[in-house]
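Presented sequentially are two complexes of chain A, the first with chain B as partner and the second with chain C.
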Partner chain A sequence: MAMMIPYGQRITPDDRTTTSRGLMRPRPGGRALRVAVATVLALWFALPLVPLLLWAVANRWSFPAPLPTAWGVDGLVTALEQGAAPAFGRSLLLGLAVAAIATPLGALAARALTRGIVPAPRLVSALLLAPLALPAFVAVMGLTVLLLRARVPATLAVLLLLVAAALPYTVYTMRVAYAAHDLAYEEEARTLGASRLAVLVRVHLPLVAPGLARAAFLAFLVGWSDYVVTVLVGGGSLVTLPLLVGSYAAGVGNEAIVAVLSLGAIVPPLVLLLALGRFGRRYPTARFTGPTPSRSPKGSP
Partner chain B sequence: MLTTPLPGADARARQRASRERWVGLAMVAPALAVAGVVVVGGIGMSVVQSVGLLPLVGEARFTLDAYVANGDELLTGLALSLGIATASTLLSSVIGLAAAVIITQGRITGRLVAGLSAVTIPVPHLVGAAAVGLLVADSGLLPRWFGVEPGAWPDLVGGPWWVAVVLEYTWKESAFIALVVAGVLATRVARYDETAALLGASRARRLRHIVIPLATPAVIVSAIIVFVYTFGSYEVAWLLGRPYPEPLPVLAFRLFNSITLTSRPEAAAVAVITTVVSLLAVAVGMALLRRTPLWR
Partner chain C sequence: MSASLTLDSLVKVFDDPARPAVDGVSFAVAPGECLAILGPSGSGKSTVLRSIAGLDVPSAGRILVDGTDVAGLAPERRGMAMVFQRPLLFPHLSVLDNVAFAATVAGQPKREARADATQFLELVQLAGFGSRPVTALSGGQEQRVALARALAARPRVLLLDEPFSALDPQLRGDMHVLLAAIRAQLAPTVVMVTHDRDEAAVVADRVALLQRGRLLQHDTVERLYTRPDSLEVSRLMGGRNELPGTVIGGVHRSAAGGVPAPEGETWAEGSGVLVVRQEALQVAAAGASAPEGFVALAVVVADRRARGPRAELELAVITDDAPDARPDSLGSTRLLAEVPASRPLAVGDRATVLVPRSACTVVAG
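Up next, the complex of A and B:
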């Protein structure tokens, strides 16, 4: 059973296929029901973001008013004064560092696992997926004693814990990518005289690039959105964007600042997501090819 | 024609296989080391601390005091965490499955729902909590739009039923389940659905006999992930919950940061109990998964 996390890919069918399926064409009753359900779902997903958008541009919004009573960017100004920019930078660095470490580690492990050259493959994949089943705070509370005694710097400890948390995603995404990857291309290139390095750079990596991009995006998200690990291990020395959001959201009367910081935490992943979608279209191998079944890795996801 | 292998080919093949195993081991070693240290080390050291073998000061002595010290809070916290995780998992599975079906039906509505759920996923949980707070608190957007006085608005944030917490989890995780299940439906189910339609199955029957059975394994796998996450997650319950009773992660957090010397082992005890329940939940989920006819 293979499951993809279909990021940056179109999963709705093409217009061409849907209109040509005469049998599947909706009838008026079913159509009305579908539109109604879709509207409710669209509202469900969009509604929580509305107060963020409104509060971010509200200087004053006294209670019963349905819309801000004074518009403006005071929230943004205060947020910048309170160190939003450096926190944003630290979050970005943390996310990129987690992605830069967890993606190659996951890709290496996934390649070995899909080639079937790993001893005790079930145990190994279970261990690599185990961070998903372990609450983050447990790992932190257990390991802080060790890390403190070994004098590991807080930032490094945060990085270690977040890389472990990101590994299940990168390993799994890359397993799906390698399962659809044909080793024959690499063998062909070797036969034709390409060096190992040339095969890696010009054949292997370009073929799995969309998978790598997806894996890196998920790993980035782990570092970017973490709160618990940074707060517990960093102990307030590493102030990231989520930490600022947390401290302002816990107080009263900071709605505008919270909204601005929150939007700041949502926008970068969205930009990456869009970039990922464009990237996926440029490399047609990454696309969902509609109803054709893809080869998939066996075993637990 | 040469059909018999050359002498020594067998030995060479064996040698090559053993070399490949070493290469394989070397390739998984870095990832395995990181995951192993964090998982085995995290659980192991939590257990060691919780039974008093690693005190901050004083003599190491085996004791189960840490598990008994907060007995009542542990039990209420366990019940509360189980309740929140169960409610969030069930609701997000139902909403996520519905969204996945709509998404794979295609057309404009499907694309709209796909786009909005994709926007929801990268939102950090803490930001989601802040957003849900601004939406449903008694001074939030909904009471403003519906013209309800703060006194008449139910206690959704910090109330006795933890509604805002469950809402936030359900919002985020239903998007996650929708995307995972839609991926499976798009690649695997489309053909069967078409075949059944060709054979004259009605829309309702196709949903009942094709789409839902084929989506079940994906729903179960993602529901396991959602349950374990919501059971062991701290920040949402901390921000949108009430001070007492505390879910297990919030309780562990408070004990961990407390200045009393005995509280570190007590926090570790809460962590151990959370881990045991999480692992049990995974085991139950995997057992359910094996009983679905499509699982290989």
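Up next, the complex of A and C:
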């Protein structure tokens, strides 16, 4: 016997339907909560910058005073005298070099792992992620001896170690990118007459470009912000911005210099992050404003 | 633009050598012909197509294009463009640059490549869509652009891998019309993979029917339906009527009675299964006599199933063993016939089924 449900009557009661769809709808008070959380987060990130900004333009700031007691740019002048500009340049170069080496390596490893052409893929993944689990200090102490014995120049040794430290980030980021990447695009391009090189340049790289940009950004940060490896392996021969910050922060009464150097250290990552937000997004989306003579409803094939 | 294509005992083994994905498939496609490779899922039809394109390397056998073996030739040097089920339009290029892709990678200046691409957009009735991002297209439009992009590569053989399967029936129909227009204008050699019998019948000149990696029959669409080589072919093509029996003196004898071979044809003597399409059977009033070329069988309607504009009748044959039409005494010999849904035949009604001799074939059991 068929179920007797009159036409027009819904099997699911309306209120239950809306409740289930309400999963997608903000809860009452949800908006206020979101705003509150966002505000707290913004304060958490921004507050440390406030004393930093003040210290950078303070010649003197005695303890109980709420604001600097003497304004000025002595900190900036001293920082520049102590070689902040070349250190900034060396850090920049180091970060770029790490990104330039670790990004393609990470991409190659990720592509091989995603395509399943690697023997023992779990072991290889674990090894590639190992530098994250291993305290940098432990690895560096052992490797310093090895690299010194092998007479590897200090700067090159620092670079090699930082590339290894950056690999987990680039591999992971590129695995995410390749998981979403469709090899069929490349096959299609091949059948259309594109050589392997043309496929790489015209299809493969443009498609994974956002992932590459993210991976390169993370690798840059590893090189840009490293302290331990540069100190222990570089042995002071490679003076980067973090080294300068570290040495001044260890002393007393250098707050203004440390503040200036720290602010300088924020700039390149910030610029890159903004560039990533601007250029790192995927392809033009359908903002086409003209008439779209779509003959099938939106979302259907 | 069109070349001949010949497959010579193509074999492709993936993992298990005992179960090749493609097992000795041979066929030939004439220049300008459209061949449909038809088969259920996992029959190896896509592997055949990918081997032709050079995306899979065959384990054995030869693929000849205009008589030349293309083994060892990279996909981009084979001159074959492929359209997949998904449109796979490059998301970082505009619609026009997608269509101009083949010309661009061939080294043509951008302006000429785009001018050329414009013609092909017009060919697929999407003139003026060139400057759009590919995300501003509907599913049917995307597949049209994919087709234009493939045609713009001037393929010697155009390969279509279930290109219209993801479209709704109306759009699929439009694409079939478009493909027919393209074939009339450019006469490309086309090899199309599909699992849809009706699509193969509409689009293709000939059909290669595959099952479990083996070529069952390579023939015209009509012959696949009316003259299947085997019981497997008949079943894959949707044939529902199978009467096991024996051919004696050119007449097939089964529980339903004797059916002589069609004029001008002979059936092999011995046991065999008579197959006849359910669409070919005619249902007449009870007691009707057989016209020339038909065999009449007395039947009772045992079941009736709605099939949209048609109705499917299960007819129990009244044999000498069970002369009365009481349901419990009906024999197990059943025939299936399709009639217009408007025919007022109900379960239990007596009727006569007219079997056209010309629609009958005997295949090995």
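Here, the second predicted complex is superposed on the first by the 239 of 301 C-alpha atoms of A that agree within 3 Å, B and C clash if a C-alpha of one lies under 4 Å from a C-alpha of the other, contacts with A are read in each partner's own complex, and residues count from 1 in each chain.
In this section, a contact is a pair of C-beta atoms (placed from the backbone, for glycine too) under 8 Å apart; a residue touches a chain by one contact, two chains touch by 3 or more.
Note that the structure is a prediction, hence the values are computed from the model and not measured.
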Touching partner for A:Ala150 - first (chain B), second (chain C), both, neither: neither
Which partner reaches more residues of chain A (counting touched residues only), chain B or chain C: B
Which of chain B and chain C A:Tyr185 touches, first, second, both or neither: second
Touched partner set for A:Ala194, first chain B, second chain C, both or neither: second
First, second, both or neither for A:Ala65, with chain B first and chain C second: first
Partner chain(s) touched by A:Leu207 [first = chain B, second = chain C, both, neither]: second
Which superposed partner A:Glu255 touches (first chain B, second chain C, both, neither): first
Common interface residues of chain A - those touching chain B in one complex and chain C in the other: 288, 292, 294, 300-301
In the complex, chain A residues that touch chain B: 1, 3-7, 10-15, 17-18, 21, 23-24, 30, 34-35, 37-39, 41-42, 44-52, 54-55, 63-66, 105-106, 108-109, 111-113, 115, 117-119, 124, 127-128, 130-143, 145-146, 160-161, 163-165, 167, 171, 221, 224-228, 232, 242, 245-246, 249-250, 255, 258-259, 262, 265-266, 269-270, 272-273, 288, 290-294, 298, 300-301
Contact footprint of chain C on chain A as seen in their complex: 182, 184-185, 187-196, 198, 202-203, 206-207, 209, 282-286, 288, 292, 294-296, 300-301
Parts of chain C lying in touch with chain A, wherever the complex brings them together: 53-55, 74-76, 78-82, 84, 86, 88, 90-92, 101-102, 104-106, 132-133, 135-136, 138-141, 149-150, 153, 159, 166-168, 171
Sites on chain B touched by chain A in the complex: 20-21, 23-25, 27-28, 30-32, 34-39, 41-46, 49, 54, 95, 98-99, 102-107, 109-114, 116-120, 122-135, 139-141, 144-145, 147, 150, 168, 171, 174-175, 179-180, 182-184, 186-188, 190-191, 193-194, 197-198, 203, 217-218, 221-222, 225, 228, 231-235, 239, 249, 252-253, 256, 267-268, 271-272, 274-275, 278-279, 282, 286, 294-296
